[in-house]
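Lettered A, B, C, D and E in written order, each chain numbered from 1.
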Amino acid sequence: GGSGSGTDASAKSSEGTSALAKVKDSGVLTVGTEGTYRPFSYHEGSELTGYDVDVVKAVGQKMGVEVKFQETQWDAIFAGLDAGRFDVIANEVGINPQREEKYLFSEPYSVSTGVVVTKSDNTDITSFDSLKGKTTAQSQTSNYYEEAKKAGANVEPVEGWAQAVTLLKQGRVDATINDKLTFLDSQKTNPDDSIKIAAEASEKSESGIAMRKDATDLQKAINDALEQLRADGELAKISEKYFGDDISK
Amino acid sequence: MSPSNLLSVTGLHKSFGENQVLKGIDFTVHAGEVVALIGPSGSGKTTALRCLNGLEVPQAGTVAFNGGPEVSFSAKTTAKQAQVLRRRSAMVFQGHHLFPHLTVLQNVTVGPLEVQKRERGEVMEQAAKLLERVGLSAKADAYPNSLSGGQQQRVGIVRALMLKPDLLLFDEPTSALDPELVGEVLVVIKELAQEGWSMVLVTHELAFARDVADTVVFMDGGVVVETGPAAKVLGAPSNPRTQGFVQRLLHPF
Amino acid sequence: MDSNWQLFLDSLWPLAKGAITATIPLSLISFAIGLAIALLMALMRMSGNKLVSSIARVYISIIRGTPLLVQLFVIFYGMPSIGITIDPWPSAIIAFSLNIGGYAAEIIRAAILSVPAGQWEAGYTVGMSRTRTLFRIILPQAARVSVPPLSNSFISLVKDTSLASLILVTEMFRKAQEITASTYEFMLLYLTAAGLYWIICLVLSGLQNLLEGRLEKYVAK
Amino acid sequence: MDSNWQLFLDSLWPLAKGAITATIPLSLISFAIGLAIALLMALMRMSGNKLVSSIARVYISIIRGTPLLVQLFVIFYGMPSIGITIDPWPSAIIAFSLNIGGYAAEIIRAAILSVPAGQWEAGYTVGMSRTRTLFRIILPQAARVSVPPLSNSFISLVKDTSLASLILVTEMFRKAQEITASTYEFMLLYLTAAGLYWIICLVLSGLQNLLEGRLEKYVAK
Amino acid sequence: MSPSNLLSVTGLHKSFGENQVLKGIDFTVHAGEVVALIGPSGSGKTTALRCLNGLEVPQAGTVAFNGGPEVSFSAKTTAKQAQVLRRRSAMVFQGHHLFPHLTVLQNVTVGPLEVQKRERGEVMEQAAKLLERVGLSAKADAYPNSLSGGQQQRVGIVRALMLKPDLLLFDEPTSALDPELVGEVLVVIKELAQEGWSMVLVTHELAFARDVADTVVFMDGGVVVETGPAAKVLGAPSNPRTQGFVQRLLHPF
C-alpha cells in the first residue's frame, strides 16, 4: 500500500497557499469522521473517541496544531473533503488503488485483516473464494465491499456493522466481510456466539488518513508526525488502549 | 285511514341534539292533492319534508302511506328502517343536486336501472318521454354543469318522476333560481299538479301556492299553526302569526 | 470536465435502468395499494363507531408522526424478531403502501367531505344504499379534488423510494451511490440522479394536469 | 430486556437534547423563512407577467422534483466549488427554507385562490390597493384554509431535518446513530427516536387544531 | 354636461376575450336620482355597474362624474387608472362580501380609517349613527357569520355609506336573500332613496323598482333597449323585448 502517487504531485494548491500552510496559519487541522464507527470513531457519552480519533489528535499535537472534528455520514464524507469542508479524513479509510487515484493517503497507521463472518453453524464458507455466488452484506465504507465483489459474491450494501450482523442472523445474507477489529470489538461489547469468523484474508489491509490530491506538503507533515509517534511508542500505546494489541504496523 | 288518504303524518317529533325542531306535526295528503307547506325560516318545513322521504329520522310519530309502508318512529329507529319510505316518495331538492359526473340521461336513469333494476328499454322510453315533456330532449347527453339553473331543476324533477313515486316532495324548488328562470320550473310543477300528481311543496312563492295548492299548511316554531284550503289560509288567515307572515311576503316594502 | 462528461453519459443508463426496474414500479405498486388502504382508513376515520375511528386516527398519526426510514427498518429488520421475515421488495412495498395509506387517508377524507352533503342525499333519494352512493356518486367527485394533493404524495413517494436502498432494494439512488463508491464523483452522480427524479416528476405533473382536466366535469357547480 | 430498558432510559436524554438544541430550532427557523419565500413564490406564480410566473414555476418544480438530500448536498458540498462556503447550520437553514418555500408556495397559492373573488373586490371598493387587500383581507382568510396542509409540511420538515446530519449538524437522529454505533442496538434507538418524533408531531397537531379553531371565524360562509 | 347631471356614461364597450358584453352603453344619473337597471340574465347589467366603480375596465367609452373624476377608456386603460372612480361611488354586492375576519364595526370603519385616513372619533360616530339607522347597533361587535343574510346585507350598505360616496351602486342586493328577509333590506334602500341619495340599482324586483326608481334602464344583449320613467317602462313598455321580459317576471306561471 502506501501513498505511491504522492511523488508526482507538484504541491500546488488552487488558492496559491499550500494545504499545509493553510493548516499552520489557522492553527487548526479539520478532520472529517463518521463518529459512528466503533471502535475507530464513535461516541462515549457525548465525547467523540476511538482509535482514529486519538491517532489524529496525536498527529495534530506533533504538528503543533489544534484538531477539530466534523462528523458526517459516510455518504457525505468524501464530498466534504472535496468541498474543503475538512482537510483530512480519519475514519479507518482503507487504502486501495481506486481511492489513491483521487486522493492522497498518509502512511498506514492501522493494519488489520479482513475476516469473513458467518453464522456459527455455517460450514460451506471456509475461505474468501468460497464466497462465490453467496450473498454478503457490506458497508461501502470499507475496502471489503470491493473485496467481496472480487471474490464473486453478491453484495448487498448496508449502512454499517450492526445492520450487516442483523441481516446475517436473520439469514438474509450468508456472510459479511469486515475488519477483524470490528468483529472483536463487537464481541467484547455484545458477546454473541451465533456468529463466527469463517475465514481470514491472507493479505493485510491498511488504513490511512485521506486528503485531497494537491495536499502533498500536508501529507508529508502528517507522515512525519506519524513517524515520530511510531518512534516514541505513542502510536502503539493508543493501539493498546483500544485493542490490547499493536495494530499500527 | 280514510281510503282517499295517500299519506298520514301524525305526531312527528324531531330534535337535533338540544334543538327541538318538530314538536308534533300532523297532516294528511289525499291522493291527487297538492299540499303547500309554508312558514318562516327555521320553522321546520324542510325537516318535516325530509322525514317523509326517510332522509331524516324523527324520534317519535308515524308516517303512513296508504297500502304501506308505514313507519312508527321511536328513539331507536335507524336510518335503514326509515328508508323504506323512499319506495313511495321522491324528492326534488332546492339546489337540484344533480350528479355532475353523469349526463342528463344518466342522471335520470341511474335510479331505475341500477337500483330499481327495471328493464332498460322501458326506462329509456320513459326518460325520453319525460325529457321531451320538460323541453330538454336536446340536452339528454349534456352534463349538468352546462345547463342553466332552470334546466337543471327541470332535470331534477324528471329524475324524481322516473322513480314512479306516488308522492312528489319539493323543497323550495325555485328559490335557488335566477328570477327569470323561476317561471319555467313553476310551469312544469303546475302541469304536474293539473295532471293529478300528489305532492307536498315547501315554498315561499305564495302567489304560486295560492294558484296550485289545494291545501296550505302553515308551520311556525315546529308546530302546525294553521291548515286549510289555499284561498282561505293565504287570503284570509285566521291566526295572527299566519297573517304577519303572509303580509311580510306579499308586501315586503 | 471531459471525463466528467463521459462519466455522466456512462452513468445515465445504469441510473435510468434503476429507475425503470425499481424506482418506478416500486412507486406505482405501493401507491396503488396505499390508495386502497387510505380509502379504508378514511372511511374508518369517518365512521360513527368511536373505536373504529380511533384505530384509524392512531394509525394515521403514527404513520405521519414517525420517519419513513424507521417504518422501513421496523418492517425489514424488526419483524424477523417476532418470527416474520419478509424479503426486501415485499418489505419495501408494505412499508411504502402503509405510509401512503396514512398520508392519503387524510386527503381522501377531506375530498369526500368536500363533496356537498346534497350529493349523498340525492343518491339516497334515487334509492341507493350508503355504499353504492359512496362508490357511484361521491368518490368520482372526490377524485377531482384529491388529484392535486395525491399527486403530491405520489411525487414524494417517488423520491422516498430511494430509502429502499437501506433494505437492500437497488433502485436509482443506490445505483448512483454504487457508482460514486468507485468514482468518488458525488456531486455529479447525485445531480444526475436528481435530474432523473425531476424528469419523472415532470412527467407525473403532466399526467396530473391531464387527469385534472378530465375530471373537471365531475365537480358540482 | 432489562439492559434494553436501561439503554432506552439512558438514551432518552441525549436524544431529547438533540431534539431541543437542533431538530426543533432548525425546523422552526427554516419553516418561518420558508413561509416568507413561499408567499413570494406564490405571488410570483400568480403574477400576470409571464417571465415572473415562469421563474416561480421552475423554482417550485425543481424543489419538488428533486430529493431534499441532493439539495442539501448542492448547497453544502457544491457551492464551495463556485467559491461560496457556508457553515453547516446556515446551510441547513437555507436548504430547508428553500425546500419549504417550494412546497408551501403551492399551498399558499391554492389558499389565496380559495378566498372568494368578491373579497378582493370588497377590498377595492372600500378603497384599498391590491397589496393592502392582500395583506389585510385575503391572507387572514387564506390562513385558515392553509393551516392543515402547512402543518403537514411542517411535520414533514421536522422529520426531514434528520438529513442535516449529512452536512455536519448533530440533530436527534444523528444522536441515535451515535449511540447505535457503540451499542449496536439500532432498532431500539431508531424506535426511541421515532417515538420522540411522534411526540413532537402530536404536539404540532394539537397546536394545529387550536389554530384552526382560532381561525374558524375567518372563513366566509 | 348639464349641471344637475351627477354621472354621465357614454359609449361603454367591454369585451371578455371574444365575448362582447357591452356594445355601447349610455345613460345619465342626475343628482338625487334613482336609476334601476333591469334586463335578462347575461345582458351585461352587472358588468355595466362594475365599470362605474372601476372594478371592470371597459375598452372604450367614458364615465364622467360632475366635478370629476372623468375617465375616458381605451384599450390601454389600466385597472389603476380606472380606480379613481371609487372616490365618488361605492358598491353594495349581491353576496354582501363582508370581511369574515372583522367585526361588523371593523367592517364598516376599515375603509374610512385605514384608507381614507379620517379622524377616528368622527368615523366612530358616523358608524354608530348608521348602524343605529339600519337597526344593528347591538351587532357592532359581532362577526358577519353570526348574522342573518338580511343583517349582513344591511351591514354591506352601511359599509358603502361610510365611504361618503356621491353615488351608491347596488347589484341585486336582495337576490341572495331568504324571501322573508328581502323586505328589511328593501326598506332600508327605499329610505335612502327618499332621503335623496343618488343610486344605480340592478334588480329583478320589478315591483320595488316601480316603487322607488325615477328612471328605468332596460338592457338586453349588451345595449340599452329602452330608457324612461319607471311607471312608463314597467307599466307600458314600448319595446317588445321589454314587454316580454316584464311579462315574464311579473306573471311567471
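The rule is short, and it goes like this: contacts are C-beta pairs under 8 Å (C-beta built on N, C-alpha and C of every residue); 3 or more make two chains touch, one makes a residue touch a chain.
Chain by chain, the UniProt names read as follows: B, E = L-cystine import ATP-binding protein TcyC; C, D = ABC transmembrane type-1 domain-containing protein.
Keep in mind it's a predicted model, so treat the numbers as computed, not measured.
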Query raised in the report: Under the touch criterion given at the top, what is the topological distance in steps from chain B to chain D?
Result: 2
Query raised in the report: Most contacts: which chain pair?
Result: C-D
Query raised in the report: For chain B, which other chain has the most distant CA centre?
Result: A
**Report entry** Centroid distance [mean C-alpha coordinates] between chain B and chain A, Å
**Finding:** 83
Report task. Mind checking the centre-to-centre distance between chain A and chain E? Centres are C-alpha means, answer in whole Å. Result -> 81
**Report entry** Separation of chain B from chain C, taking each centre as the mean of its C-alpha atoms, in whole Å
**Finding:** 45
Query raised in the report: Which residues does chain E have that touch at least 2 chains other than itself?
Result: none
Requested in this report: At least two other chains touched by the same residue of chain D: list those residues.
Outcome: 73, 77-78, 81, 186
Query raised in the report: Where in chain A do residues touch two or more other chains at once?
Result: 75-76, 79, 82, 163, 166
Report summary line: Full set of chain pairs in contact is A-C, A-D, B-C, B-E, C-D, D-E
Report summary line: In their shared complex, chain D is touched by residues of chain E numbered 53-55, 83, 86, 90-91, 93, 95, 97-101, 110-111, 114-116, 143-145, 159-160, 163
Query raised in the report: Given the complex with chain C, which residues does chain D contribute to the contact?
Result: 61-62, 64-70, 73-74, 77-78, 81, 106, 110, 148-149, 152, 155, 159, 162, 173, 186-187, 190-191, 193-195, 197-198, 200-202, 205
Requested in this report: Write out the stretch or stretches of chain B touching chain E in their complex.
Outcome: 40-41, 175, 178-183, 186-187, 190, 204, 208, 211, 245, 248-249, 252-253
Report summary line: Listed in rising order, the residues of chain C that touch chain B in the complex are 116, 118-119, 121-122, 124-128, 132, 136-137, 140-141, 217-221
Query raised in the report: Along chain C, where are the residues that touch chain A in the complex?
Result: 77, 80, 85, 165-166, 168, 174, 177-178, 181-182, 184, 186-187
